[in-house]
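Shared between the two complexes below is chain A, which pairs with chain B and chain C, respectively.
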Partner chain A sequence: MGVLQYVAKRVGLYFAVLFIGLTITFLLPRLMPANPIDGYIGQIQARASGALTADDIIQLRANLEQLYGLKGDLFSQYLSYLERVVLHFDFGPSFTYYPQPVSQMIFNALPWTLGLLLISTFIAWLLGNMVGLVAGYFHTKKAATILEVVGILLYPIPYYILAVSVILLLAYIFPIFPLSPTFPVGQMTPQKFGMVIYNSLLPALTLVLAGFGWNILSMKALAVATTEEPYVTYARLKGASNWTRMVRYVFRNAMLPQVTALALSLGTVFNGALLTEMLFSYPGVGLIMRTAASGGDYNVLYGAIAISIIAVATAGLVIDLIYPLLDPRIRHK
Partner chain B sequence: MVRLGRYVLAPLAGLLLAGASYAQEMTDVGTPRNETLIVQTFDGKSANPDVQNPLNQYAIWRGFRELGWSFLWEMDTATGQSYPELAAGPVEVLNPEHTKFRIKIRPGVFWSDGVEFTVDDLIYTLDTSFKYKDKLTFVARTTNYVKEGSWSKVDNYTMDIETANPAYDFQTVLGVYTWGSLFVPVPKHIFEGQGDNVVTFKNTNAVTLGPYKIKEFDPNGFWQLWELRDDWQRSGWGNLGTPKPKYVLYKDFGAEETRTLAFVQNQYDVDTFMSPDSIAAAKARNPAIETFSPTLPYHDMNDACAYGVYFNQQKSPYDLPEVRWALALTTNLQQVGISAVSGQFKAAALPFADTPITDPVYYQPMLEFLNGLTLSDGYKPFDAGFGDGMVAALKAQGTPEADLPTGDAVKQGFGQGWWKYDPAEAEKLLGSVGIKKGADGFYTKPDGSPWTLDFVIPADWNKVMQRTGFSIADSWKKAGFNVTARQADNGEFTTVQNTNAKLDLMVNWNMTCTYNSNWFNSWNSFSDTFVKPVDSNEPLQGNFIRVTDPEIFKLVQDSKVLEIGSEPFVANGIEIAKKLTSGMQFINLMNIPTTIPTNSTYWKNYPKQSNFYAAPYTWWSSFKKTIVNIEPTGK
Partner chain C sequence: MIKLNDLKISYRIGNRVIEAVNGVTLTIPDGSIVGIAGESGCGKSTLMKAIYGDIQSPMSLSGGSIEYGMKGADGLPVTTQTIRREWFKSISYIPQSSMNSLNPVIRIRDQFTDFPGTDSNKKRVLERARAYIGKLGLPAEAMESYPHQLSGGMRQRVMIALATFFQPELIIADEPTTALDVVVQKEILLLLMEVQELMGNTILVVSHDMGVHYQVTHKMLIMYAGRVVEYGDTESVFADPQHPYTKMLIDSLPTIGDDSMRGVLASMAGAGGDRAYRVEPELIEVKPGHFMARPSQIVGAAA
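Now for the complex of A and B:
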């Protein structure tokens, strides 16, 4: 298979995934039992202690159907949705927070989500793999077993428990970090940037701890298996040092599945981290999606899920395209 | 090692101590802590904090109604009486049909940018609401109530206006009934320049009429800081008294776990809807944390609305009063209240909340009716000793004597009474309409086919209703009803409420919101216009308890031309309440328990049961009374 053919096939597959994903994204929220108009009227009614009269509700319902673009048959709504999303990358206004544009809601939250999750995911991956590599390469030594125990201890702890424990320890018993951070507003200064970093450290630490264990265990298993490969034995017999064998022979080969896992997890960071946002009062797309799902806010769901689909599909494409660079076996097929 | 201590650890410790001291003196947003009242937001995080246009859906829970806006008339939530705020006095009625009115406003009221507030602002607000009524999402109440184009300016401080129908509740529709008004005057000089763009205008930062102005807000929606205007005395309610805090911070302190810890650390002053368990934990660690009352049920029970079980009365077998009564008599409210809300609730048998305001108007006059109420088989279902039973049950569970109400406080705390828990009588009633238990121990339909009760309850978005719903389902199941408690998210919940074809039973609240003698607020939709076929999938716009009784419809219709609060108006309300109750058209359960713990480290004199100068809610416009009544502790 030529390189061009390989790339074309992957790119074609990428667009097919996007099309199917966007179509499912359009249909799925409409299968939910929640209706955005009922959701909005329910909210207003709740806020008005039931004061909206039946006539008020009739008028509000008619206006909302018009404003939300929910009049007309499903197919014409679908075509209009594809046109808006594909040609203009426009997801329309939020239903729950009309007339707030969905894109603005998501793009306001996205830098926070990405800033926290990209960095913490990468650090967890890097640290986990380094510890896992050492634990796997030296798996016959006692010290390595201790490193593995760290992974075994951390991995099964539910994130909620881990996060609350960290909060209790580092924000309540030893109040080093804020319980409920206040992110500075206005023009960013070095001092304000420092505050943002400081306020993000605790959620980042829990995410690193939560992701760390799995990376240790999986890298350790891969490293143990790779250490026993004939080419590693050959390198040892040839007189290569421990460091050279561990880094150049074991790590490079064991890394491939880990890179795939990293790329896929980087793709999913666009979904946000709902629990982290809730527990640490951290801004992000997770809470926006949660509110949208409960209120039947189709447009916000379209926006958030579509961005996530695009991110995951793109991560998959990038991996497919760079894999031949990482693995000569694929390059030479 | 000594050097390490001297040069590294000592400065570090000093820094930490200085930091801690600074943290106590200043808030995270840079204001002096002892000049800042900090409250937990009602809705957690806001998704649209920069949208501050009250003609549309906006960041409503960030203190606008309480501190930023001002209304024509406000509600004294301690007495249930409406009083003028922007208005110079009560509305003047200009014709016997009660459709023409004159509004006079106080001169000398100014917007936060120094422009005087006049009737031009009111007229602009009305003009804009009607002109863009199909594009603005927060004006429907006004545009249905006011007659289009009927308003005219008399002078800068006087205007005439007509309503679409005879209106006896003018002050509480164009002013405040409970939580705020749906008619919010906007500044003409700011909005007019927007032209047609007013429908998407965000109005950031809003120019305000209240004594506070927006100092800063978090674009991520976690907090908003208000600052007292220098000219607060000439604001919309500058005549109410001196606002004590220079700053008010509305902030979301996150999940209940972190909120509780932050509350213990005195990081904020008033919480909203903290669970009884968390409050107990917080109180145990910080003596400055207090509930609304030192004795049970501890919390505020004076919300306008009450929780209840709504039936689809048009659907078999819920169309039978015997079935509805059987479900009421198998609801073990004592156990429900203890397991769902730790016994911290006030029972309400009539179809409104039982509060100090509704008690003399409805509950006291109807006690004789309740005590004498007799079912078709001669059974008397009312248990006037429900409160005493609660005290005994809680005492048996180890509640300290000091926390239990005694004497008259028992009925003030736990209500005037509720329905007996009597599964045997329920079985008798069901038997009388051919419903008997099958081989599996569950009741079957009259034709012998299996009967599954689909009972919709809120998912996590209302935990008190959710827990109450689960407990009720448990109570029914024990009595032999094959009930499925199904959790629904907000949107689905409203869809079920509105759709005949989807409703069997649900826990709900919105047909009971009667804060004072004005029952019309909740029951105006009892009309044959709002009855749809039993299998209809069309949304119902009101009458969510599916009343079909023409006598009730007539009472509602007749009351439309009666003075609110007048003797005949109240008498009609009592008559409707009797019909709803004797037919058990819905099972009213309890006043909405509202947990508002306060922390008196920095501020004192919050509204409490023994000092009830206003409803204690930080998300009602009446919070302004709290703002002028609290006092700094000097810390």
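Now for the complex of A and C:
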């Protein structure tokens, strides 16, 4: 009973968060004084050198309102918005790349962003935690402090400086990786896949380096605190090996807050996407968002924001569902 | 039989060296429950750690020796250097804080098998452990539980089960009932005595509770300032305490209906208030089996 109730509660909360998020996405631009259709008509009028008649404009306005879901009062707009987004995941066409639908643009870019950022975030977490665990567990040994220094050195470097330095070092001075990556289009073949991996290595490396330092420092602090717990002392007095104590006693307990941190950072991968994809001209959601923001492409922005909301909420849901498996004290509440 | 020969344990803190156990010579007979009492900082926990063989920086054995009177797997007598190999085989430990001495995210079952012990076959260990905890008054489901699902008393039973499962010759219990309410305390103490009677092992019990010592122990060891002030059969120590410090400790036990101590600090009664004893390392035998530190060396008002 408890398990079903727990899952139902979390899933219910998940949908509530999505609903509220989508509603806010709907309302925010409508609170702005500017009307995108006026702007668009203005652009067309300018292009047509003022040749459009008043009737043409009324016709055009009706068509555009239909196209962008701006017909009727606020409430009926809201209903049709929810219907389109929830049932068809349809955010309308892009302004800039008319008539390409926004959802298609996002779906094309999504695998790139998720592939790069999820994998590199996870690798950074895994490596950082392993190094942090060893540094924390053996914190009385001098050699372990060297591991912590790695974290202290890496953590404060701003991402853009780190990324530019890595590009400079590994693509310009030592041209191991391409300076400007090229990504093949069309059907995936093993050869093309290899090319994608090769071209993604450099951005992935910068992301891992950037996330690595924080994970080392955080895990080290948690591991040091956990080694002082009476159950770790007792395990030592039972004669349990260093490995058992480090992994089953210290890591299993110290990882719990780190899992939460991982979930939160997975939810915000789109933040990281923006800078990474600009610096490495990587064809992901971040690049689309940037183009949309500078070009005033509202529909694309809504789509990208909705995707971010869904990503953060899903990461939260996944972690809520996994957490009880890691911490039995939550399972039986 | 465990023999301590002029044992000295010191802590190094910066440039200072503190002799926490300062010359203890003792013989602990096999198959007895020995209670160790004394105020905080008297060296009783350090002595326990040293006997258990958990000597780590900044603690060090600065003099004397411990003879365990048992043989290791290699047939050689166990010494301070090799006692670690005997942990949870022929010597075990019951910690003070049963509430948080169990790993909260691992089932009890797995905490029976995550150390070497005497048997490497985990399945066999588990089967035997399941039967064993039943004898200690724990339900079989306790093995499948996580620590937070058990009550304080059950957890302490688990600790006793873990400590006695491999039938060790020596068990060190560091304030095993401090965190429990009096009813559970009694149950746990009776259980400990029962197990001891059955297995005939030696148990060293550290406690601040003189009542516990009176009920449970065969022999009493009173420590003060890193030295032994009195050591003897519990009956004799309680009936006829020799050293003024022991007298004060026993007087600190409240008696029902006795109001004479009301409004008087316990340490002021009996021994005259000055507690700065100088304790000599030599013990003299006052009666057969009842030792005390040489009285002529006591500074301060003697009772």
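By our rule, the second predicted complex is superposed on the first by the 277 of 333 C-alpha atoms of A that agree within 3 Å, B and C clash if a C-alpha of one lies under 4 Å from a C-alpha of the other, contacts with A are read in each partner's own complex, and residues count from 1 in each chain.
Assume a contact is a pair of C-beta atoms (placed from the backbone, for glycine too) under 8 Å apart; a residue touches a chain by one contact, two chains touch by 3 or more.
Just so it is clear, the model here is predicted, and its values are computed rather than measured.
**Student:** Per the overlay, which chain contacts more chain A residues, chain B or chain C?
**Tutor:** After superposing on chain A, more of chain A is contacted by B.
**Student:** Report for A:L237: first if it touches chain B alone, second if chain C alone, otherwise both or neither.
**Tutor:** Only chain C is touched by A:L237; chain B is not.
**Student:** Once chain A of both complexes is superposed, is A:P190 in touch with chain B (first), chain C (second), both, or neither?
**Tutor:** Neither chain B nor chain C is touched by A:P190.
**Student:** In the superposed arrangement, which partner chain does A:R248 touch: chain B (first), chain C (second), both, or neither?
**Tutor:** The second partner, chain C, only.
**Student:** Of the two partner chains, chain B (first) and chain C (second), which one does A:S180 touch, if any: first, second, both, or neither?
**Tutor:** A:S180 sits against chain B, while chain C stays out of touch.
**Student:** Would you sort A:G2 into first (chain B), second (chain C), both or neither based on which partner it touches?
**Tutor:** Neither partner.
**Student:** I'd like to check the shared interface: which positions of chain A are touched by both chain B and chain C across the two complexes?
**Tutor:** none
**Student:** Taking the complex as given, what residues does chain A use to touch chain C?
**Tutor:** Against chain C, chain A makes touches at 229-231, 233-235, 237-241, 244, 248-249, 252-253, 256, 326-329, 332.
**Student:** Per the contact definition, I'd like the list of chain A residues that touch chain B in the complex.
**Tutor:** The touching residues are 32-36, 38-64, 66-67, 94, 96-100, 105, 108-109, 112, 164, 167-168, 171-172, 175, 178-183, 185-186, 278-281, 283, 287-288, 291, 293-296.
**Student:** Given the complex with chain A, which residues does chain B contribute to the contact?
**Tutor:** Against chain A, chain B makes touches at 20, 28-29, 45, 47-48, 51, 56-57, 60, 133-135, 137-138, 140-141, 143-144, 173, 177-179, 182, 199-200, 216-223, 251-255, 257-259, 261-262, 265, 267, 304-305, 459, 461, 488-495, 497-498, 509-513, 515, 521-522, 524-525, 527, 529-530, 539, 541-543.
**Student:** Can you tell me which positions in chain C touch chain A when the two form their complex?
**Tutor:** Answer in residue numbers: 52, 54, 84, 87-89, 93, 95, 97, 100-106, 110, 114-117, 146, 148-149, 162.
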